[in-house]
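One structure is given below, represented as structure tokens, and several questions about it will come after.
In order of appearance the chains are A, B, C and D, and numbering begins at 1 in each one.
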Amino acid sequence: MPKKSYPEVPFAAIVPCPTVENDKMVTGNWRSLRPVVDMEACTSCKTCWLMCPDASVNFDEAEGISFNLKYCKGCGICSSVCPVEAIRRVPELDFTD
Amino acid sequence: MPVQYEEIKSVKKAPEEEFYLPGHRTCAGCGPAVGYRLIAKAAGRNTIFLGPTGCMYVANTSYACGPWKVPWTHTQITNGGAVASGVEVAFKQLIKKGKIKDEFPNIIVMAGDGGSIDIGVQAASALFYRGHDVLFIMYDNESYANTGIQVSPMTPYGGNTTFTPPGPMIPEGKKLFPKDPMLIFAGGGHPAVKYAATASIAYPVDLMNKVRKGLAFEGPAFLHVHCPCPKGWTYPAERTIDLAKLAVQTGMWFLYELEDGVRTWSRKVDKLRPVEDYLLGQGRFTHLEPEHVAKLQAWVNERAQVLGLNATLPPVR
Amino acid sequence: MTLSVEIDSKMVEITVWTRGVQLAKEARDVATLLAVAGSSEGKYTQSFDNYVDLPDRIGVACKSYARISPEPIQTVYEYENGHHDVIVLVEETMIKGHPYLQDAKQDCVVVVNSARDPEALLKWFEPKESLPLVKALACIDANSFGAGVMLTFDGTEGASDDTKIGAGVGAAVAGAAAKASGCVTLESLLAAADNKKAVQQGWDQVKVLPFCDGKPFCETPSDPQELGWR
Amino acid sequence: MTTKKRATGLTAVCDAWQLVDIDVTASYPIRPYTAVFADLAKRIANGQMKCEMVFAEGEHGQFSIAHGASMAGARATTGSSGVGLTYAAEVYSPIAGGRCPIQVLVGDRTLDPPGDFGSEHTDCLTMRDNGWIFGWAQDAQEALDNSLMCFRIGEDPDIMLPQIVAMDGYFVTHITQDYEVPDQDLVDRFLPPFKPKFRLDVNNPVIMGPQITPEMGPPLEWDRNVVMQRAKGKIVEVTEEFGSVFGRHYAPFVEEYMTEGAEMVFLLQGAHAVTCKSAVKYLREAGYPVGMLRLRWVRPFPEEALQAIAAKFKVIGVIDTGTSYGAAGGGGVLLVETRASLSETPDKPIIQGFTSGLGGEVITHDEFFRMAEMMRKTIEAGQLVQSSTWVNFNDYV
């Protein structure tokens, strides 16, 4: 049996706040259905962007809606709040990436 | 004089910057996580969060990390109000003495229903009584969800939790009706509380503005935010916002503000939908018999009348 | 110092991966069924949820464990399986992005609840360097057997489970796992499960792709028992 | 210029808190410690002290307020007694584990039932294992001095642990005594401003107290353990420096009184040591070879200091002014700890237990005399007559 090893734990377990994302808890692999946006149908109302619990819907004036698949858990809120049904949910294994 | 704050006009005009970042272990479709993100967005950079034990502590900080861009500290589930009081007086005193150069921050307690109105009620009440400049937010998912869905005072009548399983002797599951935190905290018993509001994650602009308003008021403010819980209420994760909206449409949740004790309705509701519309599709209510649904409807109707909602109410069958 | 002894050397460790909340009951059922079946064969068994994964959240990876041994189990309180003989994925997308092959034993069997062909899943195996440990990949389309997913909090957090065991997709998955791995017999599994038809269907319809040196064989043998696994 | 003053131990600690310019404190009334906040409130009202005194909703709230203030970077204190201390039980570990060096004043008291206002060490000792530095003062002067020393030890960047300045209820909290209040200059020289390692600061944002995985627990606990052990060295260093700055010299861990030539010694802590010393003088005159050892700290427990002197004696009579029902030896916490400390000491003395002074009763001269006689019998027999004795209940003299 190898001796147990312990991680370095900072003083009183106090850790710095993340600035862009918390990459100590990557949640993209929670997803079984992936959101896919139909850019033609999308009206850029930003509802999906605002309602995402994981801040994983990105919005860009030029590019429109995109998803942060590193963290998206695939909950489907974006799809269900979309007023024009522009977001489909596709089985994760249908994608090669 | 009305309090000054920078109002958010629409979904599109919501602040871009995120303070509740991607990367946390909350459920897919977590209602409180939606709430946290909106609240952090509205509060902005000069904010300190205190997180009493609950899902929004444990799920967010698993493990030795967290998703906040602004300072955050854990408190016990019992003492969010007390620790926040300590933080607030410390900042005031240290600034007054010139020991720190900080601008006085927004101090927000993000407590669950247990940490607010059950085991945390003593500390919360004391904070409100003493008038600390703190925004105390009760994110309400109507159960002790972090421990695996146990009954809390906010679990609705008829709710199935692991502590209130329905059975032949107790067909409705939970027999008790919930507390009313708005009345308890902001119904006049804590004179220092000049602003309190209910909010829902289904109405994000309204919620964010209530956060800003609460922070703008001098002294303590209370916000009671309805946050559906897909795990605890047993419904598909994508329906979180949907259910939050249905709660408001059926009167299982009322949206209003209390400013100096004066009630303002946040949305005009002409007609409440029957509670069935809300109950259906939630696993926690599937066992209810018509008589139990009628009891819930009667409770909703009575609350609507007591609160003075001017709307057509569904019949109690 | 340490003693050079082999502890629980004959124990079969079954690790069932699932998605939190939605499929937690099904994963627990697979572990429970295999353990109960093993017990009825006179073996020593254990089954439990991985406490470290709790409280589970919707979608998060969670594990349930079963252990079957011809000898009394010594590591009763080692609360995580460390040498997997059988790896079961109760939901097919678990195959992507989870380290289920880590700490796998030589000649382990992977069982996936998927309508897809085993070949189609190969590319997702993780971690890749553990592939030579795999003896076979088995697929079973348990969702198609009409076995409804059971959503209940019964049996979570150490509570007793009064909901039927093996009434949902877990029954067919357990049947498939039993056949592909040989860890328990069909008879004992049928006796343990509520939905016996689903167990039988899982047993009958599992598609097994045997491996050699980390690569799949071209042909699937008609009877996976020919693999000679245990 | 030091100021001479006549007041209680509570006022003395209030003097210390004024000298160190505490920023935040939290009050809640329970006898007998309460008056520290009556004093403090007056000083705030008349402008002598600039600190925020929060009227807490209970002891749990008091400790929590101080915890929050400390996380925000303030020097924070609070205090309590008896069941108040046990009501706050939940938050001792979070405060110590969060490494927030708040200071708590304890005027000790029996635990209910029945409702007895009297002094006893049980309340505070019940809370001894969470990583707080604490010990008992025997008089008002030592209470003030311990408070200053505790801030210095607890706030040291190598330590960062909360502290309890304990004193016997009524005896030290209510009986006025003469003591000296040191100069502000000296205090400022002795104690630098509080510098937290981390604080709630929007310009340097941190996450405090996140959930951890099981394997992160042991290293954190190991760390708390190491720091508690390290505090022993810090206590020695700080006690010495205190002596050189203020001219009052304390033994870092164990005060010895008339131990020269003593074959048997009382071992105790707190106020009863004052009567004990008097009793020892009479006993010496009567021919008893007796002395006294007084513990200044119970956490960290000074085992090395005891080991270094124990072999000089034939019997150590440990006096517990508190209960630990069912404990090994039938006595209290000090008996268990002393026996454990000396278990491997060569030529160790016989360690005899006494329980006395419960419920707020004074330990009289006569009781000390009888304990001395029981120790003499132990020497005579060469072994314990009984493991421990509840004085007045199962004495054997």
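Note that contacts are C-beta pairs under 8 Å (C-beta built on N, C-alpha and C of every residue); 3 or more make two chains touch, one makes a residue touch a chain.
Since the structure is predicted, the reported quantities are computational estimates derived from the model, not experimental observations.
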When B-C and B-D are ranked by contacting C-beta pairs, first place goes to B-D
Per the C-alpha centroid definition, the whole-Å distance linking subunit B and subunit C comes out as 41
Note: subunit D sits from subunit C at a C-alpha centroid distance in Å of 57
Counting only Cα atoms for the centres, state how far subunit B is from subunit D in Å. 43
Please tell me the distance, in whole Å, between the geometric centres of subunit A and subunit D computed from their C-alpha atoms. 53
Which positions in subunit D touch two or more other chains at once? 205-210, 212-213, 216
Of all residues in subunit C, the ones touching two or more other chains: 58-60
For subunit A, what residues touch not just one other chain but two or more? 9, 13, 15, 17, 27, 30-31, 73-75
With touch defined as at the top, which chains are paired up in contact here? A-B, A-C, A-D, B-C, B-D
Contact set on subunit B toward subunit C in their complex: 25-30, 58-59, 146-149, 162, 230-231, 234, 237, 283
In their shared complex, subunit A is touched by residues of subunit D numbered 97-99, 160, 197-198, 205-210, 212, 215-216, 218-220, 223
Residue ranges of subunit A in contact with subunit C within the complex: 1, 27-32, 73-75, 91-93
For the complex, give me every residue of subunit B touching subunit D. 45-48, 50, 57-58, 61-66, 68-76, 78-79, 81-94, 96-97, 99-100, 102, 105, 122-123, 125-126, 129-130
For the complex, which residues does subunit A have touching subunit B? 9, 13, 15, 17-27, 30-31, 45-47, 50-56, 68, 70-71, 73-77, 79-81, 89
